[in-house]
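There's a structure below that I have some questions on.
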Amino acid sequence: MKRVALFIPCFVDQLEPKTGIDMARVLQRIGYAIDFPEAQTCCGQPGFNSGYWREARALAERYIAIFRDADFVVCPSGSCTTMVRVFYKDLLEGAAREAASNLSSRVFEFSEFLVKVAKITDVGADFPHRVTYHDACHALRELHLREEPRELLRHVKNLELVEMPYSEECCGFGGTFSTKFPMISAAMGETKAANAGAANVEYVTSTDPSCLMHIDGILRSRKSPVRTIHLASILAQRELPNENRSQSVMTQTSQ
Amino acid sequence: MNTPAKEFLRSAAAKSADLAHRSTIRTGIDHYEAAVTRTGARFLDWEAARQRCQAIKWEAINHLDKYLLEFESRVQDRGGHVFWAETAADARGYVSELAARKNVRTVVKSKSMVSEEIDLRQDLEKQGVKVFETDLGELIVQLRDEPPYHLMTPAMHLTRTEIANLFQEKYGGVESNDPQHLVDIARRALRDAFFSAEMGITGANFLVADSGIVALTTNEGNGRLGSSLPRIHVVVTGIEKVIPRMEDLAVLWPTLARSAVGQSIACYNTLIGGPRNANEPDGPEEFHVVLLDNGRSELLADAEQREVLHCIRCGACLNVCPVFRKIGGHSYGTVYGGPIGSVLMPHLGGLNKFQHLSFASSLCGACTSACPVKIDLHHHLLQNRRNAVESAERPFSERLAFKLWRWMMMGPMRFAILGGAARASLRAAHALGLEGTRLDPMRPWTKTHAPPAIPDKSFRAQWRTIAKK
Amino acid sequence: MRKNDDPGRDRILARIQRGLRNPAPKHPPLEQSGTIFAAIIDPLDRFRKECGQNGTECLIVPHAGAVAEAFEGLLESIPPGEIFVQDVPELRPMVTLWRKDRSIRWSSEGRPAEQSQATVTLAEALVAQTGSIFVSAACGGRAASVVAPVHIVVASIQQLVPDLGAAFARLRERGTVENSSMLCLVTGPSRTADIEKIIVMGAHGPRRVIVILSLEPLS
């Protein structure tokens, strides 16, 4: 049986566990056996982005050791996937760097895995809502994913996919940027929230839970009716029997 | 924290909240984006154009001494003078001394970022020389006594009405805020200066080594007048503007034009080889090229970031930057702003003084995608951050925090326990209604966001339960 | 070698040479990968289309003799005032045919006056790719193509090249690069986008650029 190892980003583990659960559900549904290497903690991105490469390096080496033997590593975050695939090369040297390169070819963001590896665009999901897709920066510019998430969304039953203005513009999260430069970050988030509002949607979705947490916090602080939901959670949604339909709305922040 | 960083935070916060400013910038950027998209059709392969331009600059910068010497030799063969200025002061000194020696009373100046970098205009004015900025955008900010807002369009933060009011105040005769009319006003105001100035100062877009030619790209015609009418023409330029051959311009000109303003090609691409030839009816009698180092040779030695010198100053990175779109050009407080400025200023102006610019980015990478010479801008921001940490220029509290972070993440048990404890305290704080208050552990977040719901169980805890089934 | 009295020169060069001893990590391919621009099959057609887009007025005439006639038509749209003309055999006889009561200043008399209403010059080349005109200081001087509100270029089809690469080749072959202290690729009337990034025509240079293109050589 085909096996995948789940790469659950540190903040997904602690703050958005549902995203990980939903991703695992979908992978199982399409026929993969799931491993969750419990030793994993963090890929090192926060330290790397803040310039603390020495500290990040220790975490990178640890990460590589944990996932070394996995056939496939699947992650519900474009930015964490980018850290491993793109930035571990800058962080490491010699044998560690080679190990990183080797691992890189087996690490995938979730939507990328479904479309490019599993070669599946219809996972049997049903989500009867008006949805727009936010192009998370790392997924878009480092992993070059633009069509893959949209393909998956187009195959979700009853889902109406609309494009919002400036969908490719950064939402403003940027990791520690959001706490070091909160006013700029919030202004960028406001623009993103306003654009989602202009698209008249019920949900904003993306490949990146950190973007969604940021956008969600801004939407709710503006009392917007728009909600956020991770792509994995949309794909995990199946058609429910009629009497359960009203409870089918799952938000990003529910447990 | 030092003053430029504090001032940056203050200005960035103020501008980020300024909705009118946001709207003006958005309108300007929309025009730009539409024009860039239209011009895309002129390229069979835009990626190939970028790669070609990158290759040209790579060749030039990685053999900079060879090409600078070739350029100098050819300029001198044709009767021009070349001065190598190590510092801003050296460059200013040369031009000021030349102006004094030649009894220059009036200078017409076209757009040159290098001249801003070295404060040339102010220096000349101090010795009683009248300096006219002739680039419309530069003229506008000169009249308002403020620095340029943007590399390419110095006055894009102003509406036509604001410009109309400014011109009415300074020149009079303004009948409407129609941009065409305002441009006419500026043209009329500067005609006399062009015809009476003794010296014209321009920048350079490219220095062509194989022919000793200064290539100057403009749209307005001010650079042309300034290099044709006055009897002395001075070019101030960074040493990194060199390109190997004239033929390189066949791809550089259209690529620069698209990235800079979404044009097929700029209106005037001028090639100046020296002072007038004996058989030519007009033109300057003297031609001087001031080659400025001012920190560039040091950046050159940094092999990892050497390619930052490939920049052709198109301004595309500013236009696409979501941070620039919120904080505007003035907030950077530096000659070079936006992504290129954030990468460059720690090198030209000092890491400690300007590192904050390299941190003020969400690393979205739009700049890197837009750069016509494929500079890996956002990766260089990361390198600057690393350099800042390694030179111990970061606050102690931050260094401690990341040591703790590393310690925690090296042990899954620690991570699970501490994570659980953090969530418990957050849930308690929020249950007590403390979100957003000083006692909220998530306060930096909840100041600008509605608080998230905090889960009971982590993923790993839930997984154990599921796995058992 | 020229005497240079700036000591900074040697120090800068030394720093550059030292700095370059560390090789740059990436070495991008130096060969052109992929064709950047589509080949231009019909240069005249492309030239006209580009002129239409960039605001250059393009008048095509069958032969040199028809150029003067084209001028007569143009004159009506040029306000009264001095016209500056490049002093060359191709233009001298033509001017008598259309000058009527216009005051003419020849380039041999000096540069154009500030109040000139129009300048008339030849060109070094026409470039189809961008609808551009290559002029040089030999075309009546540097100021001739920029001072007046109207710039009229008289050219012939033999001067039309498909693209920028071909233009540079032509300039090199004819020694124009060595012999002129200035060359300029002019593409349409002067313009600016400094006000709200909206393009406005007619900044400091001409507001009208007109090419009279003869389908046969001028002389």
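Which chain is which? They are A, B and C, in the order written, and residues in each are numbered from 1.
Basically, a residue touches a chain if its C-beta (ideal position, glycine included) is under 8 Å from a C-beta of that chain, and two chains touch if they have at least 3 such contacts.
As the structure is a computational prediction, the values presented were derived from the model and not from experiment.
Engineer: Please identify which chain has its centre, taken as the mean of its CA atoms, farthest from the centre of chain C.
Structural biologist: A
Engineer: Based on mean C-alpha positions, which chain is nearest the centroid of every protein C-alpha shown?
Structural biologist: B
Engineer: What is the distance, in whole Å, between the centres of chain A and chain B, each centre taken as the mean of its C-alpha atoms?
Structural biologist: That pair's centroid distance is 33 Å.
Engineer: Can you check how far apart chain A and chain C are, centre to centre, with Cα atoms defining each centre and the answer in Å?
Structural biologist: 54
Engineer: So the centre of each chain is just the mean of its C-alpha atoms; given that, what is the distance between chain B and chain C in Å?
Structural biologist: The separation of the two C-alpha centroids amounts to 30 Å.
Engineer: Quick check: in the complex, which residue numbers of chain B touch chain A?
Structural biologist: Touching chain A from chain B are residues 9, 12-13, 16-17, 22, 322-323, 326-327, 359-366, 368-369, 379, 382, 384-390, 394, 398-399, 402-403, 405-406, 408-412, 415, 419, 422-423, 444-445, 447-460, 462-463, 466-467.
Engineer: Can you tell me which positions in chain C touch chain B when the two form their complex?
Structural biologist: Residue positions touching the partner: 2, 4, 6, 8-9, 11-13, 15-20, 22-38, 50, 53-54, 107-108, 110-111, 114, 130, 132, 137-138, 140-147, 163-165, 167-168, 172, 177, 179-198, 200-206.
Engineer: For the complex, which residues does chain B have touching chain C?
Structural biologist: By the definition above, chain B touches chain C via 24, 27-29, 31-32, 42-45, 47-49, 51-52, 54-55, 58-59, 62-65, 68-69, 73, 76, 78, 82-86, 90, 94, 134-137, 140, 153-156, 158-160, 163, 179-180, 182-184, 186-187, 190-191, 194-195, 211, 213, 219-222, 224-225, 227-229, 239, 246-247, 249-251, 253-254, 261, 264-277, 280-283, 291, 293, 297-298, 300-304, 306-307, 374.
Engineer: Using the touch definition from the top, list the residues of chain A that touch chain B in their complex.
Structural biologist: 8, 10, 12-18, 20-21, 24, 36, 38-42, 44, 46-53, 55, 58-59, 62, 87, 90, 137-138, 141-142, 168-170, 172-175, 177-189, 191, 213-214, 216-221, 253-255
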